[in-house]
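Both complexes shown next keep chain A, but they swap its partner, so chain B is in the first and chain C is in the second.
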Partner chain A sequence: MKEGKTFLGVPVARPRVAFFELSSCEGCQLQLLNNESTLLDFLSLMEIVRFREGMKEASDDYEIAFVEGSVTRKDEEERLKVIRKQAKVVVALGSCACFGGVNQLKNRFHDLAWVTKEVYGSFPIDTQEVKPISAIIEVDLEIYGCPVKKEEVERIVTLLVLGEEIQHPQYPVCMECKARENICLFDLGEPCLGPVTRGGCDAWCPSNRMGCWGCRGPVPEANLDQLRIIMAERGISREQMLDRLECFGGFAGYLASQDGIFGKKDTKEE
Partner chain B sequence: MKLSCDIDIRHLTRVEGHGNIRIVIENGQVREAAWEVVETPRFFEAILVGKKYENAPYLCGRICGICSIAHTLTAIRAVENGFGMTPSLQTRRLRLLLKHMETLQSHILHIFFLAAPDYLGAGSILPLTVSHPKVVQQALRLKLLANDLCDEVGGRRLHPTRTVVGGFTMLPDRDRLRLFRRRLESALIDLDAGVDLFAGFSIPDFQRETEFVSLQGEGDYPFVGGNLVSSDGVLKAEEDYAGMSNEYMADYSTSKLSRLSRKSLAVGALARINNNFSGLLPEVRAIADGLGLVPVIQNPFMNVVAQLVECVQVVRESMQLIDELLAVPWQECRQPVEPREGVGVGAVEAPRGILYHCFHFDVAGRIVKADCVIPTSQNHANIRYDIEALAQFCAAQGKSDKEIELLAEMLVRAYDPCISCSVH
Partner chain C sequence: MLFKVFPVCELNRLFAVLQSERIVGPVKKGEDQHGRILYDFDVVRDFSDLHLDFTQTIHSAKKYFLPYRENLCTFTFKDGDWQKEVDYGGSAPLIFFGLHSCDINALNKLDKVLLGGRYPNSFYAKNRAKMFIVGHSCTPQPFCFCKSMGTDSAIHGFDLFLTRLDGIYFAEVLSARAFHLLENIDCRDPDSEEHRRYLEAIATRESMFVAHVDTSDLTKILDLEFQAPVWKEWGERCLSCGTCAQVCPTCYCYGVEEHVDMNFAHGRKEKMLYSCNLLDFASVAGGHNFRPESHTRLKYRYYHKHRGFVEAFEESLCVGCGRCGQSCLAGITVPEVIASVRASKE
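Let's turn to the complex of A and B:
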């Protein structure tokens, strides 16, 4: 651990940090590099000992592990267990790691043989049902989003390095959208999961007039039944709402409880 | 004279995704030279089945964390072609501007963060912040500009939010576009410095004759749609993309692979420059000349230099696009969409090469079949044969293990592979 870094005059220990990626687009890690103006400051908070996408050197001696991506093959489960053994803190980075992400959309077919045949024909290919990393190992901290928001990652990582408690927002995206005085997308006829999705992104998509797709998962006490009534009143189809609820896996629990209404079935049958 | 070596790189660093290099030389004979792709598949082509058309750009963008904009725009083009829609001139200009800034962002990331450390004797960009602070600052400034302008036009630099079938959900701010025009102008100065830097590097002198595939220009340097061309003389229409990519599987790769007139082909910046050199702006052609980049270039290491030249091209074109956009008042940002049954294909030059999406739609605009052909998957077989040729070249020259290892790594990096994207 290198000395010398201080925060508000108090010396800060620079933890040894490693980055890992399972099945993903690696976009969440790149979001960290996408931080040009604050990148060097951010990097000085920690000692990065493994970041395959950015550096050649690699060490297995680390304290904090950031894991991006979901689990789709046995060897990824094994890698995770090794990471868990080494790291004091395991952070799930992004919606794929937290909920399975867009990758888990393949689970909706309940037929892996069909899925592999659709893409690879008769060529044998190894895959399994998509899982979030918490299905395999204990996770200490989750950072939501597809992609993660760099400002939020920096805030959370700073708190983590300082040993402070980290609290996720307990209010929905809708609240942040109102605070930004955006036009309500329901008034424009757009579907939006803002009322039921955990805030913290500062209404990233709705502020660009794209309705929320729920990438951060449900806010505590999300009232999905009420949202369904609102969407129906606005003439937004059940299929459009389902597209969003099932997109990242954050609402999988709700959908599973709704069998027969949204049903865990292929949308083709709708 | 070094006669034997055994190189086994598991998960090559400073590339996107997971790939392995294996080279075994015994008594001067190459026993094994392989490029293996071990990335886990995510099955996007299956995921899309049953989904309405509006999901396609949103989901396809998530194939890739570096070129999400190219995937989004390719999916949109495939949907619009399938529905017989023609985007407005304003939409086409904004999309091209967005595309250019992704190209700049992606190329700068590769040139300076992933490739340059090898030429400057470093393991990553981190030591360069101390040894070459100016270079790092220039690279960060260029990348920041590209990303900021992506935010302005596409709503977000990664997985864009404003790009939809029919156009955009929102338009950029005209005053801010004016300021971006100025920043683009000063970016040319930073790029000049980059050109000087690369002019001083000694690029490995290695050649292997290759078939290059790209969009075909018509007096321009094309990025979106049009005919497909190969340097071996194959010419096809956009919708006949499958005859250009000819995907197949092999046991060394979880990514599909491609071939055309030979056993492998190459796509990317070098392919574009080789096929469309005359479409570059005169100022850009002069820079290419100065860097020794005059077609046909058969040295894959030169792809990095080709990317640098393209950076200048896209910055200059972007300045012109902003001028054109600001010369007329804003029109409607989004056209109505009328789904119809049929097939739609989109071909777009992503930063790493030509990218194809193809969707079959039912009458309600639901996807019944999807196909995405990724630039890096088209390059994998070529990388493999390049490594074979490089191993023979090194064995003949009697290079040391360390030299061979570094050269092999640099060779793969030169293609700027996006491996998770290629497996998708």
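Let's turn to the complex of A and C:
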């Protein structure tokens, strides 16, 4: 903590922050670098001591750890435990870290050895069932999205530095989609998980005429049973809905609870 | 009230006279998967973009007087101190060209709450102050139930109201500005034959309503049926997504969030239109949620519109525009909900 700024006359510490990546595309971290117009302000909030995409130096002395990616290897589990030991605050950055992300799609297959052979052929690597980081260590804060929305990360980091309470939207994507006055994707005949997915993305995909794939996971109390009826009424197949619910892993809990309808019997067969 | 008539072709000139100011009207937004045209309100620069024959817009015109998000105030932090700045906005005049009666009545109702109370909403007042409203008659759609809500015609709240007859517009003139505006175009007093045609058009329109809501003794019935099981059935369907409130022309409830800029030099207090159907609408400090169940939230939306507001203002807050039912993916419509609650009475 050095040369802190002040807010309303009160000194605000500038925490030492490290970014880590497990199995992921590192696109969430790239999102943060992409925000050129506010990048300097963002950097003034914290002292970044490790950020592979943006600097050569790498320190192991940090207070906040942002972890992107899911756990797919044993050594990643060990790395996570070390990070947890060092960091006061561990933040799961993006859908891979929060839910397993796109990576966890492979979990739908029974035979992971077959998957490894199919993908890597005669160059096998050590890979196991995909897990969110919360399956290995305690996580203090989750930032959803594939990729994360940089404005949201900035808001959350500001609150984190100020020591304020951080709340995620309790409403689904529809709320923000309506505020942007989009044509409902269902009116265009497209499936959309907007009604059950946590908002906060400003209806990023629907505003570009692409139905929501649920990357931010379910809104609390998501009415998935009704969405299933809505999809069926509109002739959208169960498989199409399943594809979306499975894509990022956020709905894994719901899918598991629907054994026989959407459950393992359906999802794990090839 | 004064009445005037002018040939349909003169409307273009009327538009041109007003064009020095910002005109908002119904425009074509796109088509749905079945080729049905979808409309919304937007700024209109070219007369040919104005679709006065629109059925109903997806969203109300709310964003022009109750924006989905608006800054209530901003703060500047300096030398350990702070300064607050308030900008009520809305200084530019706004012309609504082609509002239906339901939406004019929605504004009249909002005026009662947001201007008439002890604490008028300055932001709304500023947006309302320089508004000029040209109303336009409509063709009732199968989902329209404004007639049941008594909002199928507007008796005030507009400057000019146009009813299209064969070849002419029959204009109701309510303001001096509208009167002088008509001096710019080829316009005259209607004759008795045109009076007859106007009344005939009204009668024809009246006969076209399909959807109805029985509002007789509704406040009492809602009180009697507060525990009716039918609320739970609607609650099971409800997605708690807030869509109904977002498209509603009279839903004015909101939440407030405070934001601090990353440079700690500025902050702002932002208002965001919210919906009583959203999970945390009735969450309070300490974490208690007074309406954790979907059906209790849905019920309260109906109680606000059809009971609480009636008690306070002797009229419903619902204008029967049907937008909520049209936008609800779960197919929850006001006529069906009210009918089902009435039926609970055995």
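FYI, the second predicted complex is superposed on the first by the 255 of 270 C-alpha atoms of A that agree within 3 Å, B and C clash if a C-alpha of one lies under 4 Å from a C-alpha of the other, contacts with A are read in each partner's own complex, and residues count from 1 in each chain.
Criterion: a residue touches a chain if its C-beta (ideal position, glycine included) is under 8 Å from a C-beta of that chain, and two chains touch if they have at least 3 such contacts.
Treat the numbers as computed from the prediction; the structure is a model and nothing was measured.
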item	value
Overlay on chain A: chain C relative to chain B, clash or fit	fit
Partner chain(s) touched by A:Ala65 [first = chain B, second = chain C, both, neither]	neither
First (chain B), second (chain C), both or neither touched by A:Leu30	first
First (chain B), second (chain C), both or neither touched by A:Leu80	neither
Touching partner for A:Phe186 - first (chain B), second (chain C), both, neither	second
Contacts of A:Met46 with chain B and chain C, given as first, second, both or neither	neither
Partner chain(s) touched by A:Ala252 [first = chain B, second = chain C, both, neither]	neither
Chain B, chain C and vertex chain A (Cα centres) - angle in steps of 10°	110
Partner chain in contact with A:Cys174 - chain B first, chain C second, else both or neither	second
Between chain B and chain C, more extensive residue contact with chain A	B
Per-pair minimum CA distance [chain C against chain B, superposed on A] in Å	11
Footprint overlap on chain A, where chain B in one structure and chain C in the other make contact	none
Contact set on chain A toward chain C in their complex	5-9, 12, 38, 41-42, 44-45, 154-155, 157-158, 162, 170-172, 174-175, 178-179, 181, 183-184, 186-189, 194-196, 219-221, 223, 225-227, 229-230
Sites on chain B touched by chain A in the complex	11, 13-17, 40-43, 45-47, 49-52, 55, 58-59, 62-66, 68, 109, 113-114, 117, 123-126, 129, 140-141, 143-144, 147, 155-159, 161-162, 164, 169-170, 249, 254, 366, 420-421
Complex interface listing, chain C residues touching chain A	29-30, 32-33, 38, 40, 58-59, 63, 68-69, 77, 79-82, 236-243, 246-247, 259-264, 273, 275, 278-280, 283, 294, 327, 329-330
Contacting residues of chain A [partner chain B, same complex]	21-31, 33-34, 36-37, 39-40, 43, 48, 51-58, 72-73, 76, 101-103, 105-106, 109, 114-116, 118-121, 123, 125, 127, 146-147, 204-205, 208-210, 213, 239-240, 243, 247, 266-268
